[in-house]
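Have a look at these structures, which come just after this line.
Look at the two complexes coming up: chain A is in both, with chain B in one and chain C in the other.
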Partner chain A sequence: MITASTIPLFVALPLAGAFLTVLLKRIKGIPDTFGVMVTIGTFVMSVFAVIQLEIGQRIICNIGNWGGFQEVLGKIVGIQLVVDGLTAFMLVVVNLIAFLVAVYSVNYMTRYTEKWQFYSLFLLMLAGMNGVLITGDMFNLFVFVEIASIASYALVAFGTGKRELEASFKYAVMGSIASLLILLGVILLYSNTGTLNMADMTRILAGRDHPALLYFVFALFLAGFGLKAALVPFHAWLPDAHPSAPAPISAMLSGVLIKALGVYVIARVFYNLFGFPHEVSLILMTLGAISMGVGALVALRQWDLKRLLAYSSISQVGFIMLGLGIGTPLAILGALFHLFNHSMFKSLLFLDSGAIEYAAHTRDLKEMGGLAKKMPITNGSTIIGAMSLAGIPPFAGFWSKLIIIVAAVQASHMKLAAWAVLMSIVTIAYVLKAVRFAFLGELKKQFANITEVPAFMRVSLIILALVCLFGGLLLIPDLRNGFLGQAVEVLTRVSGV
Partner chain B sequence: MSKEHDRGMTIIVKTVTRLTVGLIFLYGIYIILHGHLTPGGGFAGGVIVALSFINVDLAFGGKVSDRIFSKGSTSVIEALGGVMFLALALLGLQWGGFFDNFLHPDGEPGMLISAGIIPLENIAISLKVGAGLFAIFLTLITLQKFESEKK
Partner chain C sequence: MDAYLPYVLCLVLFCIGIYAVISKRNIIKIIIGVIIAEYAVNLFLILVAYKAGGRSPIFSRTQEILPEAMVDPLPHALVLTSIVIGLATTAFLIALAVRLYGKYGTFDISRMRELRG
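And now, the complex of A and B:
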């Protein structure tokens, strides 16, 4: 069961796994074992958290046991870790993907040397992401954002080739600028409110009208976290960084990192901390619509499979931001559900691209062809993931896009709804292109001897494909109230939408 | 002359380093152990300790410093520091919560043995920071060697 004292384990377990992997790297099988065991542990804990939480309930952990001081001083001292509905929802998404990626990497990462470094960095990144989700303290949030980001810079460069290093350098420079902007925002907020605790900050900010300083903080956070979320115009690092990383890490970066560090924090900060001001709503809708268009149209022109998927991530984050920008309860539900679905199908597709690279040693769509006969499971899971991405009923992606579009119509944003429909059609186009060139057509001569990928990789692909296929069932009222409903309630309650 | 003079800088630098490096190292240890009493602590002390190793490396060349503190052992020490820090934090769960200072009532304020687990956390941080910084230095000079050989 999740109690106040077990919350820190979401961070402590991956951290311990990361350090112990380094210490015990000489023992064969240790990196794999730690990677899989730790991620399954955090995943099970996150499922418990979802089951246990009632709507509106929060579990709070006071780090360092400063309770006595708090009573004397009358304000919160020290860092608080908080698990509420939104956190629990995000924890499930992040840790499920992390677990499946860890399983997949057992086979996939045999292609690289120094597997222990990979698992160590991977677990550090997971610790950072989980930390971002559970923290209730602004500065602590910045620290965890940095832990996750720095681990991801190293992971992007893991192949140490020319392209990887260039992409990683670009990512590191832009990511550091984003972190600086975020830090400046946190400093200004602290100087204005005198506290770093988010709940305290909300209370203090609610009692004031918005001075110019706050608008400056909005801009800093939108640019900083927008860069982490790869919103257009802050997206330039993503199409280089995501394809350069090893496939499991591409799945983590596109699947959960941009959401935990970007989308989640934007939702948390602008809804819960600032009460969702109207200006931010307009900006999020605009940026979301632009991201949708730019990502989808550029993805159409790509021939590198992973690059195509990376541009598609920009476009899909645009959908999520559009939902968050509209800000009605239905739109938030759609945005969070699309966040869940995008995590699943984009991770699946990146893992599939890794499977193709593992078997056929190419990422270029022009060189592939006819792989369906040789790799039936990769083929099947890619088609399921692609259909979910394209929004074909009854796959999960259809329902979330439908909800976002219906919510846009209900909020009388007709043009945005039409734009979203149009971009969904473009999505179908680039998805069909990927499937057609990779799997259909004549089998090329050089691929006559390739075989399906090893067992652990297949397991991950199959599980993710099943989630993409049956994910729509999460909208059944009983399941919805327990999982998505809790998360939506957190965003709607405090912001009073 | 002993073999150690084949590599590294001039004999003047080496002699001065031999005289000062122990002091720098001890000063680092002092900063770490007094972290809960005076300004400084695990991070600052760890940096100073790492500087003493860097000093040896610069003056005497990589072979000598490798005998004292090799690149492989930096990652082990660094991970040990991390594990120690985390273990202390987790031990607190037994008493009152994550990072609970469970040794706190022992010791007199202002004395060396006081402040509970904070000095221990300082030692853990110093291991991590010191080994980490030295590892970064070693990585950078390896890169430089590689580039100068290419030229």
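And now, the complex of A and C:
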């Protein structure tokens, strides 16, 4: 069961796993075992957290024994770790993908040397992401953002080819600037409120009008976390960085990193800390709409499968931001559900692109063709993921897009709703292009004797495909109240929508 | 005006760093730009903590010192963390620069054109 004393394990387990992997790297099989065991451990814990939490309940853990000092000053001094509905929801998403990616990597990463380096960086990144989710302290949030980011810079450069190094350099420089903006925002908030604890900050800020300084902080946070989330004016690093990483890491980066570090923090900070001011709502809707358009239209003319998927991520994050920007409870539900679905189908599609690369050694859509007969499982799971991305009715992606569009209509943003529908159609177009060129048509001569990918990779693909297929069931009232409802409640309660 | 001068200088330093990152073509100069911007932010952290005529934040048995009379100790602790993170980022960027030099034989970023579109 999850109690105050077990919360730190979400960070401690992956962190310990990362260091032990380095220490015990010489023993055969240790990196794989640690990677899979740690991620399954954190995943099971996050599921327990979701089951255990009631609506509106929070589990709080105070780090360090600051008791006496705290009473003198009358405020919380140490770091607080908090698990509430939104955190538990995000923990499940992050740790589920991390677990499946770890299983997939057991086979896939044999192509690269030095598996232990991969797993230790991977677990460090997971520790950073879990830390971002559970922390209740602004500076601590910045530290965890940096842990996850630096691990991801290194993972993008993992192949150490020309492309990888160049993409990683671009990503690292832009990411560092974003982190500086975030740090600047945190300092300004601290100087304004005299505390770093988020709950205290909320209370202090709620009693005030918005002075000019706060608007400056909004801008800093939007730019900083917007860059981590790859919103459109800040997206330039993503189409290079995500395709350059090894496929499992592309799945992690596109599937959960941009959401844990970007979308989640934007939601947490702007809804819970600042009470969702009107200006931010407008900015989020605008940026969301622009991201949707730019990502989808540029994705149409990509011939590199992973690059196409990366641009599609920008477009789908735009959908999520649009939902968050509208800000009605229904729109938030749609946004969070789309976040969940996007994690699932985008990870699945990146893992599929990795499977194709593993078997056929190419990422260029023009060179593929006719793989359907040779790789039935990859083919099937890609089609399920692609249909979910395109929003074809029984699949999960359809329901979340529908909710966002309905919410936009209800909030009488007709133009945005129409724009979202139009971009969904463009999505169908680029998805069909990918499936058509990779799997249908004549089998090329050089692929005559390729085979389906190994067992561990197949397991991950099948599980993710099942989640994409049946994800719509999460909207059944009983399930919805326990899982998505909790998370929506956290965001709507404080903002008073 | 004098009271704001350190903050303005800090901002100028930050802008110099960002300018270097945006306009320079040499990888090493870009990295130096990142470092300058980072130091500007660290400096700003220390400035926020400073209080004119503040004492060092140590409680004493022999005389009564109110917390209000002290310099704020928390940002000093934070800036250490921030410097260490900066070290990690810088070390990583420099390692990348060395590897990039090995691949391309140049530090000029405009000649590295593997990625487009």
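What we mean here is this: the second predicted complex is superposed on the first by the 492 of 497 C-alpha atoms of A that agree within 3 Å, B and C clash if a C-alpha of one lies under 4 Å from a C-alpha of the other, contacts with A are read in each partner's own complex, and residues count from 1 in each chain.
Simple rule for what comes next: a contact is a pair of C-beta atoms (placed from the backbone, for glycine too) under 8 Å apart; a residue touches a chain by one contact, two chains touch by 3 or more.
For clarity, every value in this text was computed on a predicted model and none was experimentally measured.
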Superposition on chain A - do chain B and chain C clash or fit: fit
Partner chain(s) touched by A:273 [first = chain B, second = chain C, both, neither]: neither
Which superposed partner A:62 touches (first chain B, second chain C, both, neither): first
Degrees between the directions from chain A toward chain B and toward chain C, using C-alpha centres, nearest 10: 40
First (chain B), second (chain C), both or neither touched by A:463: neither
First (chain B), second (chain C), both or neither touched by A:239: second
Partner chain(s) touched by A:176 [first = chain B, second = chain C, both, neither]: second
Which of chain B and chain C A:153 touches, first, second, both or neither: second
Chain B versus chain C as contact partner of A:12, first or second or both or neither: first
Touching partner for A:22 - first (chain B), second (chain C), both, neither: first
Partner touching more residues of chain A, whether chain B or chain C: C
Shortest CA-CA distance between chain B and chain C [superposed frame, angstrom]: 5
Contact residues of chain A, present in both the chain B and the chain C interface: none
Complex contacts: residues of chain A adjacent to chain B: 4-5, 7-8, 12, 15-16, 18-20, 22-23, 61-65, 81
Chain A residues touching chain C - in the complex, by the definition given at the top: 72-73, 139, 143, 146, 150, 153-154, 157, 160-163, 165-170, 172-173, 176-177, 179-180, 183-184, 187, 190-191, 196, 239-240, 244, 298, 301-302, 307
Of chain B, residues touching chain A in the complex: 75-76, 78-80, 82-83, 86, 89-90, 92-93, 96-101
Residue ranges of chain C touching chain A (in the complex, touch as defined): 14, 18, 21, 27, 30-31, 34, 37-38, 41, 44-45, 48, 67, 74-75, 78, 81-82, 85, 88-89, 92-93, 96-97, 99-100, 103-104, 112, 114-115, 117
